[in-house]
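All chains are identified by letter, namely A, B, C, D, E and F, in their written order; residue positions are counted from 1 within each chain.
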Amino acid sequence: MQFEPVVLFFLLGVFAGLVRSDLKIPGSIYEALSIFLLLAIGLQGGVKLAEFPLVQLLVPALLILAVGALIPLLSFPVLRLLGRMTRADSASIAAHYGSVSVVTFSVAVALLMQEDIDFEGYMIVFLVLLEIPALVIGVVLARRGSGHTQWGRLAHEVLFGKSILLLAGGLVIGFVAGAEGIKPLDILFFDLFKGILALFLLEMGLVAAGRIAGLRSYGVFLVSFAILTPLLSAILGTLLGWMLGLSVGGTMLLATLYASASYIAAPAAMRIAVPKANPALSIGAALGITFPFNIFLGIPIYLWMAQFLHSFGA
Amino acid sequence: MQFEPVVLFFLLGVFAGLVRSDLKIPGSIYEALSIFLLLAIGLQGGVKLAEFPLVQLLVPALLILAVGALIPLLSFPVLRLLGRMTRADSASIAAHYGSVSVVTFSVAVALLMQEDIDFEGYMIVFLVLLEIPALVIGVVLARRGSGHTQWGRLAHEVLFGKSILLLAGGLVIGFVAGAEGIKPLDILFFDLFKGILALFLLEMGLVAAGRIAGLRSYGVFLVSFAILTPLLSAILGTLLGWMLGLSVGGTMLLATLYASASYIAAPAAMRIAVPKANPALSIGAALGITFPFNIFLGIPIYLWMAQFLHSFGA
Amino acid sequence: MQFEPVVLFFLLGVFAGLVRSDLKIPGSIYEALSIFLLLAIGLQGGVKLAEFPLVQLLVPALLILAVGALIPLLSFPVLRLLGRMTRADSASIAAHYGSVSVVTFSVAVALLMQEDIDFEGYMIVFLVLLEIPALVIGVVLARRGSGHTQWGRLAHEVLFGKSILLLAGGLVIGFVAGAEGIKPLDILFFDLFKGILALFLLEMGLVAAGRIAGLRSYGVFLVSFAILTPLLSAILGTLLGWMLGLSVGGTMLLATLYASASYIAAPAAMRIAVPKANPALSIGAALGITFPFNIFLGIPIYLWMAQFLHSFGA
Amino acid sequence: MTSQPMTLLVIISETVLEDILIDEIMDLGAKGYTITEARGRGTHGTRAGRWTQGGNIRIEVVGNAELCQRIVQRLQSAYEQDYGLLMYTAPVELQN
Amino acid sequence: MTSQPMTLLVIISETVLEDILIDEIMDLGAKGYTITEARGRGTHGTRAGRWTQGGNIRIEVVGNAELCQRIVQRLQSAYEQDYGLLMYTAPVELQN
Amino acid sequence: MTSQPMTLLVIISETVLEDILIDEIMDLGAKGYTITEARGRGTHGTRAGRWTQGGNIRIEVVGNAELCQRIVQRLQSAYEQDYGLLMYTAPVELQN
């Protein structure tokens, strides 16, 4: 199974967290790393998008969004009925899993590049697009029948929140400037990308360590949910990617997008929009189980699934 | 007209600011970026200066300083009489426009490099030298006839303030170590330069957005002043550069230096030395109008002016 | 004598500190720089270690540790009897000098690379190993006969403190991933290394300036101690390196390790474990005298010693 | 000297609420506020100020007793149930 | 309204002691605490918050007078001699 | 126990004044001070702590009433007109 050394930094972080080392990445550095990561991903996507006839993307994009919306819609009843969770918690967790994780996606891209597997660069656009329906669905589910929602504040939070803004801004800049115009920025945004991702994973490990410790209290249900949801979502993604005629790399990335759960944009939005939800549950599951599952086991499995399906012809 | 993709990051920042996104560059990161930028600019200048007979610079340097001093001296009566501003405000704004902007200069250098136009590397020395007379003139104008000035504190503020210290320190290190000795640092200080400049412009856009919003209250006079002063100063610079026999690139850089207004060193110095001046006015004009004017329109115009004048022979 | 331009940044920092400039490296940036430096050094060592039969290292490692333990053991009576210092201060200073300095080591590596001199990459392992006996000896000396020691907390502090954790973690990751696996991280962790070291030295200079000012009050004894101890320790290291058959570069690095005094891990550990010791004394000596002595005079001398001894055959 | 008795209200709550709380405070009539970054532990667990875990902010408002009372009541009814929130008041002498 | 009189204890000490002081405070029965980063000067010299020099932390504990007294006594006897330490108390009205 | 009544003076002002205010405070006889970074809003507008806009610092001085009064008077006369400045005092029990 393919293995990407950058995940070792996650393990180092987890170790440091578990032994209660005084190691910590200062908050401002962490913020700088995420600004960098989001901009860099956006730029990469924009450059690739510029080489592509946009109209051809319309139908696949709508399909990818529609199928993606199934994830929170199906998760909600499972959480509510099987998991016996409150409406607020079920909705919030569903939104986290419908949403996507930029770092998981980056690790998948790193693996594809290490293995020299091509992929459709415009997949990055879905990092932006998939976020929005998931969060909206989450809020609707939480509020159904109960009082008013500050839709204005929520829309603002989602659209102009820093994650989407930097991703989309990077996309536009990359698109406008093109590969040639971006070249002097390459060394910062492309060549350093993986090193910065390593530092990011170190911090993620530190934080995940705290979450892992708290997992026992979540019970068997949430742990199973946090492993099965990505697997099932990835199967959806693999099938859809194959049907849409994506390459092996693109199929695997779509599976990864569906399988990943957000722990940056979604937690902030849900804390404001669904305050009754307990953030420890959703972040604990997304960051403490699903994230490590995805980078260690999930991503190699999704690659294998894509290769397997494509071996039958596209 | 020539266009430099790095300014797109400024636009992204302005957009984020105007839609009130929660995006912000942490203060410590901003400080690290400026330390980097100032050191890198200084090093670049120092390396180039080392290849140059210093004595030959003496007369042109004195001329450049003398003509540069005209900018605050002429701005002051305009602000005082035409703009009907207080003595303190007039003096402070004059000092900001007599002073220079490192980032504007960097964008100009980036454009020259993109267009493969040569320039005299020692122009960077004037980033250091032009600051000093401008601030001194500002304080003298503000205090004329009124009480005592803490000249000691001011001199200290200017000479050993971090901007000048890092620029001058970088110059000396670059000069002493030379191109060969600096080579292992190239990748950090030279190759990453433009990427870091992009992040810097992102933050400048965020801050400028706040300033732009406040412009209405400044009135037509200040807005006109903030556009005409750089244009007129640039004409001064272009003529002088041409007379001194500078290359097209060097002439354009001198025009840019004269045209740019400070928003790092000058605000801090003026806040201490001329406390009665309203910092919102000077920074608003320098950062909210002159800076974007220069990077979007000014710099291409100054390049065109230099090329035009040089087409008549040097 | 060989000269490494990166130390000029230390001088710039000292200058800025002495003239009381407002230049400062924000704390979070400093922390990020050290995380980077420790990880990078660890990774470099791990990659080199992977190419080496580990068992062959066992005996030399034990010898290097045993001889290294002599440094604090011999320093203590000197400080106590000749210097008439308190038991706590003597023990704490002894621990600082028995311990090692990552930045001093990095400057030595930079010089070797500049001069194209080969060295045993696994020397980096001793950055980790030498720290531990020194700190333990320091605590034992301080506490002998007096009450109980919180050994648990101390062991935790040393082993899982961020310095050792990042160095050791980097070693393991480098070892596991190997040169091939680390390659995409090279540009961040290896190519940028020297530039980051320069920024680090700038901050060290700023801090050292404060220490240098306080030196007068320490008296002649401490100043002499802070210069003679590294020299004598380096002689020990040079002889041992030569006896163990290390290369010229490796010998010089061992001398540098012995000669260097800690100012990151040791101060934090000693503040907790030996609270009665005055931290101004130990950090003042280590950072205000020994560190600049080593990077300006010591390292070139140690290289010369290694070359001299090796000219008699290995 | 124009020292006058006033009430100091200190509010410790979640960083994510910053914009919202500021809007409330200013809407209720405060003349100003001061914020410092904080972290801490309370009945809602540890808020160590690391991302995904969130940190706290500490807001100081100097005003008359009645204003502080209004702010306390509003924040209590709107946020105490769902968010980490601690408030205390103390009499101070404003020196302006 | 459930305002009740309490004691505010403010502890200013060295960053390096953070974990240790928190353990002491919680062990003595505090329900919570709030920390902000600080720097300052006192009888132990300037603590400018730069590395190798160290900074300060400012810990606030709201509790009953007796708890605050216990914390003061414990910290005084254990840390005052060797570390920078300043403590003061003031009466406050807890608004929860 | 050596608890003694003292005055706490809190000064909130512009970051750019830090060195100057510290000099004034120590010159007037303070034994120490504690600074935390702050941001806020007042009659001089929002000081969000972003560069070019500047931030605030929050200075705490514990001293006798007379010292605090001297500091208040000096800062008021010298800085209140041109700079953002808020000062308040409160009685505290120093626990050292």
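Following the convention adopted for this analysis, a contact is a pair of C-beta atoms (placed from the backbone, for glycine too) under 8 Å apart; a residue touches a chain by one contact, two chains touch by 3 or more.
Remember, predicted model here, so these are calculated numbers, not experimental data.
Asker: How many hops, at fewest, get you from chain B to chain E via touching chains?
Answerer: 2
Asker: Specify the chain most distant from chain E by Cα centroid.
Answerer: Between chain E and the rest, the longest centre separation is with B.
Asker: Count the C-beta contact pairs for C-E and for E-F, then tell me which is higher.
Answerer: Counting C-beta pairs in contact for C-E and E-F gives the edge to E-F.
Asker: Can you give the rotation angle that fits chain B onto its twin chain C by Cα atoms, in degrees and rounded to the nearest 5?
Answerer: 120
Asker: Which chain maximises the distance between its CA centroid and that of chain D?
Answerer: It is C.
Asker: Between chain B and chain D, what distance separates the C-alpha centroids? Give it in angstrom.
Answerer: Result: the chain centres lie 41 Å from each other.
Asker: How many angstrom lie between the CA centroids of chain C and chain D, rounded to a whole number?
Answerer: 46
Asker: Roughly how far is chain B from chain F, going centre to centre by Cα mean, in whole Å?
Answerer: Here the centre of chain F sits 34 Å away from the centre of chain B.
Asker: At least two partner chains per residue is the criterion; list those residues in chain F.
Answerer: Residues 36-37, 90 of chain F each touch two or more of the other chains.
Asker: Which parts of chain C, given as residue numbers and ranges, touch two or more other chains?
Answerer: In chain C, residues 24, 26-29, 31, 187, 192 touch at least two other chains, as defined above.
Asker: Pull out all the chain pairs that touch, please.
Answerer: A-B, A-C, A-D, B-C, B-F, C-E, D-E, D-F, E-F
Asker: Give every residue of chain D touching chain E within the complex, in rising order.
Answerer: Against chain E, the touching part of chain D is residues 9-10, 12, 36-43, 56, 58, 69, 72-73, 76, 80, 85-90.
Asker: Sort out for me which residues of chain F touch chain B in the complex.
Answerer: Where chain F meets chain B, its residues are 14, 16, 20, 45, 49-55, 82-83.
Asker: For chain E, which residues are in contact with chain D within the complex?
Answerer: Listed in rising order, the residues of chain E that touch chain D are 1, 3, 6, 8, 22, 26, 31-37, 62, 90-96.
Asker: List the residues on chain A that touch chain B in their complex, please.
Answerer: Answer in residue numbers: 26-29, 31-32, 35-36, 156, 160-162, 165-166, 169, 172-173, 176-177, 181-182, 184-185, 187-189, 192.
Asker: Which stretch or stretches of chain A touch chain C in the complex?
Answerer: Touch list, chain A to chain C: 5-6, 8-9, 12, 15-16, 19-29, 110, 113-114, 187, 191-192, 194-196, 198-199.
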